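Which chain is which? They are A, B and C, in the order written, and residues in each are numbered from 1.
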Amino acid sequence: MYKYIIKRLLMMIPVLLGVTFIVFFILNVSPGDPAAMILGDRASAEALAMKREELGLNDPLLIRYFNYIVDMLHGDLGTSYKNSLSVWEQVTERFPNTAILALCGICVALIIGIPTGIISAKKQYSIMDNCSMVLALIGVSMPVFWLGLLLVIVFSLNLGWLPSQGMGSGGMELVKSLILPSITLGTMSAATITRMTRSSMLEVIRQDYISTARAKGVSERTVTMKHMLRNALIPIVTAVGLQFGSLLGGAMLTETVFSWPGLGRLMVDSIKSKDIPMVLGSVVFMAVMFSVVNLAVDIIYAYIDPRIKSQYKKK
Amino acid sequence: MKKDNTTQAQGVKQRSLWQDAWRRFKKNKLAMVGLVFLAILVVIAVGTIIVDLVTNNYIYDNYVIKQNLRGRLEPPSLAHPFGLDEFGRDMLLRMLWAVRSSLFMGVIAIVISGILGGLLGAAAGYYGKRTDNIIMRFMDILLAIPSMLLAIAIVAAFGTSLVNVLLAIGISYIPTFARTVRASIMTVKDQEYVEAARAVGANDTTLIFKYIIPNAMAPIIVQTTLGVAGAILSIAGLSFIGMGVQPPTPEWGSMLSSARTYIRDSWHITVIPGMGIMLTILALNVVGDGLRDALDPRLKN
Amino acid sequence: MAENNKLLEVKDLVIRYETDDGVVEALNGVSIDIYTGKTLGLVGETGAGKTTLAKGILRLIPSPPGKIVGGEVIYDGKDLLKISEEEMRKIRGKHISMIFQDPMTSLNPVMTVRDQIMEVILQHNRISKKEAEKRAEDMLELVGIPAERGHEYPHQFSGGMKQRVIIAIALACQPKLLIADEPTTALDVTIQAQVLDLIQKLKTRDNTSMLLITHDLGVVAQTCDYVGIVYAGEIVEYGTLREVYKDMRHPYTKGLMASIPNLVENVRRLQTIEGLMPDPTNLPKGCKFSDRCKYATDKCREKVPEMVNVGGEHMVRCILAQQEK
């Protein structure tokens, strides 16, 4: 089994290099002179040239990329153009806020999505199935930020139950401030996972081994949980992994709506102020996180699908 | 066994396949409603363009974007069924004029990625081996960047012009298309009937046009519909964080963005644009699902 | 045959599938008797309704679209179609078990084979996990698989081995009746004989009755005591192996027999039955075989012929047989 994990880890390296390179490339061929941005419009030509040299902007792109990676491995993502703060510090300070939001979002999605999907598949074409499918369709069609705004209107402004802005510090305050953003972020994934679970279950329900299991005389509950779900989970896990990607995208929007002090908002703010190192740092950081999540998904995958597990046991 | 027969029939009897699909699609009431809704949107989009051409942008300039501070945030009434926005502009007109940005930008972005991704995927699937490896590894890398992040990076680097937004969204959907096309080509390629065609001397072009493309069409059409939905959502999202369509041009995402400031004062300017996005996406999703069921009856149930 | 030896009795079973394309009349009043320790072979073409009958007995018809419209399945004095799902579960796997057609897809891919055998044992016996494990391993050995392979997953076994595992599952609780739905069709010819022998051996050991579904008349001749010929959801001929094979009456049975290659006589071309099975959503009004039967008359097309006894236990559903009598 650990051979498989090592193999996936090794496979992650070229992907990460590729990802960082693409983002680095895009953000470094952009028009505009960073030196001018740091020093302002009234800086002399000499000062600009010196700043450019200092930033290493005169080196070829590949050399700069190489340096960037080496620095990154030392925990250095450069300094912000805007306020000369360390990008690494800013990003790692904000990251836990996004992580907790994303985690709660995915929990909302799983808690709603998987049971609803199972029930829908088991009672295909029932009222319950039709209702949840319509709701799921609405869920996947609803813009994240709009849902956020609607929730704010209802639960913060009209009912006054929950805060609409910011992140509460510690305990109940934190939990309360998490509720609306988590639902906002998790709804679309919940809908996707519901649909995915349903179709995956429907595929499994018709398999011959389900008839075998029923012919053994085991209860319908056991058939569902032990035989159907175990098999249906395999594609669901992949879907959940991929959902995490759109969740990160959604996190930016959700954080904007709720003024949540996360990585997404840092990124949006940095783009507005054209703070390239900060944008680069946060995009790279998020992309790395996404890759790590996908690695985790691959490993879980191997645990629940013996066909992969045994492939690596023999070798 | 059953599976082989169906795919075979697809290769041999294309016309009846499409007719069959349409017959099945028509049965799906929800999908038909979606289709009608989309048709209405297209009519609105084209209609507003014609109106602008005929009136030389008179309505657009004087009613859609011109600010009128007297009736700010006026709630829906008979005269203004959707109310007035924060600058006293008629929400109904702005909603109608916004259709074209979303619809056309979504379609163009997906056409870009459909063509590029489709070609890459086709090359990978058809030629296999090294070509496949190189292309698909590159796609894996692109796929490892969440699409919204990639789009944001592109817009951040090159500025918030219309072309950049389209490019950003378009590029971020390339891997999805490449994968879809590659997968369907791989499955078709090794089918026995394609081998049989090859055995009786069909060349690459014949194979590609006669067997592979018709068979790969179904998933591509479905992917396109769902892709347009995703693209419209992404464009709205970008506009919402101020990186897409810029005000005063009417666009649902940017309308929501400015509505946010007045969320305490009036609900209609928040609810209405979101409704527009949601219904459009809903229609596209419903049609996409309907198409999938209609084109590939095996997948249903 | 004495009435008290009757293990299972199916009376006038009618099963339909309600699909988008119409109502599929899969089973149209089938009656069969299965006697203790004996094997009944059901022969017929693909789509004749044999599997539906098998699944119908165990109430495993997927519903919707399947629906048991009428009839009785009497086992141990009870109508299995009327008892609760709870009671039915106690029958499945313990009293009546089933072997499915395709061993490649009939085992759960994410469970070890030992766990899959243990599941049925634990379901019907109050024993510890340890004991169940032991019994499962014994079962594996019994079907010719080394016990230590029990912790492997189905994909690590060949088709024939998988079918052995499925047999082990089916017989783990020593059921009274084994329903085998084309147990060898998906296997290589060389493996087929082995698997049949194995079933035969275990069946004799426990005096198990068997309902064997097949389209292979050779298999029937080897293993069965009784034969039923199924056509379009009806039994068209029924009797002991000897009665049916020596004195076939129904034109369809004759056609089936003629289509078997005969090595003794030098035949240049195999006989075939003209035409196809009728569309089950749109069955002929009279005798279902009338469209393909060269002896068919207008009378055949009017009304479904009754089953008539033509001597001994031999029954035939054909006007010609009635007249001969």
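Methods note: a residue touches a chain if its C-beta (ideal position, glycine included) is under 8 Å from a C-beta of that chain, and two chains touch if they have at least 3 such contacts.
Because the structure is predicted, anything quoted here is derived from the model rather than measured.
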Touching groups left behind when subunit A is ignored (all other chains fixed): B | C
Chain whose average C-alpha position is farthest from subunit B's own: C
Whole-Å gap between the CA centroids of subunit A and subunit B: 22
Chain centre separation in whole Å, for subunit C relative to subunit B (CA means): 52
Residues of subunit A touching at least two other chains: 206
For subunit B, residues contacting two or more additional chains: none
Touch list for subunit A against partner subunit C, complex: 125, 206-209, 211-220, 226-227, 230-231, 234, 304-307, 310
In the complex, subunit B residues that touch subunit A: 137-138, 140-142, 144-150, 152-159, 229, 233-234, 236-237, 240-243, 253, 256, 259-260, 263-264, 267, 270-271, 273-274, 277-279, 281-282, 285-286, 289, 301
Residues on subunit C engaged by subunit A in the complex (per definition of touch): 55, 58, 60, 62, 64, 85, 89-94, 97-98, 100-102, 105-112, 116, 119-120, 123-124, 152-153, 155-156, 166, 169-170
Interfacial residue positions of subunit A with respect to subunit B in the complex: 14-16, 18-19, 22-23, 26-31, 124, 137-138, 140-146, 149-150, 152-153, 157, 202, 206, 245-246, 248-250, 252-253, 256-257, 267-268, 270-272, 274, 276, 279, 283, 286-287, 290-291, 294
